[in-house]
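A short worksheet on the structure shown next.
Going by the order they are written in, the chains are A, B, C, D, E and F; count residues from 1 in each one.
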Amino acid sequence: MSSKKFMFVNRKAPYGTVYALESLEVVLISAAFDQDVSLAFIDDGVYQITNGQDTTGIGQKNFSKAYKALGDYDISKLYVEKESLAERGLTQDDLMDLVWEDEDDDWAEKSSIILVSREEMAAVMAEQEVTLSF
Amino acid sequence: MKYTVMINEGPYQHQSSDTALQFVRAALEKGHEIFRVFFYHDGVNNGTRLSVPPADDRLLQKEWSELGIKHGLDLVICIAAAQRRGLMDESEAKRQGLDADNIIEGFRISGLGQLIEGGIQSDRTIVFGD
Amino acid sequence: MAMLHIVNKSPFEKVTFDSCLGHASAGDSILMIEDAAVGAIDGTAFADKLKAAMADKSIYVLAGDLTARGLSEDRIIDGIKTVDYAGFVDLTADNETTQSWL
Amino acid sequence: MSSKKFMFVNRKAPYGTVYALESLEVVLISAAFDQDVSLAFIDDGVYQITNGQDTTGIGQKNFSKAYKALGDYDISKLYVEKESLAERGLTQDDLMDLVWEDEDDDWAEKSSIILVSREEMAAVMAEQEVTLSF
Amino acid sequence: MKYTVMINEGPYQHQSSDTALQFVRAALEKGHEIFRVFFYHDGVNNGTRLSVPPADDRLLQKEWSELGIKHGLDLVICIAAAQRRGLMDESEAKRQGLDADNIIEGFRISGLGQLIEGGIQSDRTIVFGD
Amino acid sequence: MAMLHIVNKSPFEKVTFDSCLGHASAGDSILMIEDAAVGAIDGTAFADKLKAAMADKSIYVLAGDLTARGLSEDRIIDGIKTVDYAGFVDLTADNETTQSWL
């Protein structure tokens, strides 16, 4: 099969609705198809990858650790919007340390999180061929 | 104190069913009475017995069912909302000429008047939804 | 009659929370649950609005919803109280009426 | 049964979601219980009672005419928020002419729509005993 | 042109199923090909055969079913989402030890890979949801 | 590549429409469907934002969603084009890609 640029756009907080969890399930499946996959975290979507999520108080499964597996599946482009973080009083320090290993650079561990401005995010979005929104 | 609880969303899609479940449990633990739990809109989907989520996920429909049976709760599914969305008990399925039903034990199907009556009879009416 | 307003929407996504603030009366209480919990954090674009409301209203947040979203209790606005589900029930009992902002 | 002050709060546009329709169904049922019923239309809820709704283009049933029946069921207090109308470029002229007949005034036909400011709406809400939100 | 359509919400609660149905009809009328319609999240609830709305309301689940059969559409319900929400076909119900199934004719249950494959194979992928 | 942005949320209720405007590129098209249709009306608190976007983007509204909500086509902002479902399909075909703002 040919390779396409897929983007998964995440705009909603986790746990309040199912979209974050079921979006992550699609992303993991997409890894099997050898496509050029990117994730966008904008607006409340940035809460999906915050550090230290603890769901014991609400009776739901904490699925945030699954984001850490993305790098192992060669999904290493997680675009996070600076403006969305700032509006919510968050910085990159509040996000999980998501990494991948670069095969072409002696398996050096690199961050999967790409902080971008809204304008840069728009440019990334404009390059996509298939955009799935949740 | 006597409560009626209204739930407007189905399980999983929105947290409201989870929150309502925790709220009802906490109210019962404090000795309050749950006069009725009324499932409206997509909330009726909390009453299906055909759900089989992944083993590591909660099974909300069963948790409601078991809590209801244990405490003798009146778990009411709105009939009009249920008909639109395909939630059926045995007698309603028969009446509609359908070949299957899907309601879980502990729930019953009834009319919207049950919600208003709940509001009248209870000290507090709490709405959970989207 | 004092009313408990229950809001479950992120103030960054929907106007629901704003609408709640605009319709709550002095002496009322506001409880943030589900996605609304993110509104409790200090230093956000919403914090000043909530601080203004605290002049004559009591503000609460459901702790479980806060921590689920990776936000620790030490980051919430000074004066907001955290509750668990038992505390949620108490708030509904202590206020004569409730209104949910969905 | 005792009589309580019930308020149905409508904040969402019709047709995009089912809440407006299913809220109206509850309101009509409530008439049989002889309670003190009020409706609030705030935020996008004001679109529920606009004049001239025509759903032929979207394949859904136009249920707006059912609001006209409310007066016959003695549901005659429809509070509509001025600020919500203004923000949306609407005035009372854009709303349906919803009326009831006053038994105590020789069955004179009176408007069911009570235009209120946000502050007045807050005062009405504060008086309610059961508030159902959709 | 070849389309894949994704639907994230159930019938009635949200307009997305209505809009998607009208979109697919219009696309077919223009001679486009619908490669696949993928029902995800609460969208799986579009596939129940137990729905009986009021006589003057539309029956969305049946409209999808009939449109699918007429045009040979590939209407796919996500299995993981379906299991959470209680949408079952005969073989899946049997496999899970359930005593009933509720899927309507014209739909099939399959995995999330079908959605990605749709995106790869189609010229356009359109998402309808809330 | 020109993109069709499909937005279905009222700009008075959610930030979705704002976010769409902030992420659409010059030359893109934006189609308002479902509850977003109310954003097409002139004289609202949102109209100026949409007019600004029209400087370098084409804006469309699904006519059926507009009239369903009691809003007639003669009230929409000058320059916004109405389409039916067939026109919606054409827009998805004429633009290389689409993005839904939910």
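Just so we're on the same page, a contact is a pair of C-beta atoms (placed from the backbone, for glycine too) under 8 Å apart; a residue touches a chain by one contact, two chains touch by 3 or more.
Not measured: the values here are computed from a predicted model.
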| item | value |
| --- | --- |
| Chain F reached from chain B - shortest hop count over touching chains | 2 |
| Selected interface, B-D versus A-F, where C-beta contact pairs are more numerous | B-D |
| Euclidean distance of C-alpha centroids - chain D vs chain E, Å | 35 |
| Euclidean distance of C-alpha centroids - chain D vs chain F, Å | 28 |
| Geometric centre distance via CA averages, chain E-chain B, whole Å | 25 |
| Shared interface positions of chain F, touching two or more other chains | 8, 12-13, 15-16, 34-35, 84, 97-98, 100, 102 |
| Contacts with two or more other chains, residues of chain D listed in rising order | 11, 15-18, 43, 58, 60, 130-131, 133-134 |
| Sequence positions of chain B contacting 2 or more other chains | 8, 12-13, 15, 19, 22, 41, 57, 80, 125, 127, 129-130 |
| Full enumeration of touching chain pairs | A-B, A-C, A-E, A-F, B-C, B-D, B-E, C-D, C-F, D-E, D-F, E-F |
| List of chain B residues in touch with chain A within their complex | 12-15, 18-19, 21-22, 56-58, 130 |
| Interface residues, chain E side, partner chain A - complex | 6, 8, 40-41, 80-81, 111-113, 115-117, 119-121, 125, 127, 129 |
| Chain A-touching residues of chain C, taken from the complex the two chains share | 8, 10, 12-13, 34-35, 38, 41-45, 47, 62-65, 67-72, 75, 84 |
| Of chain F, residues touching chain C in the complex | 12-16 |
| Contact footprint of chain A on chain F as seen in their complex | 1, 3, 15-16, 19, 22-25, 28, 96-102 |
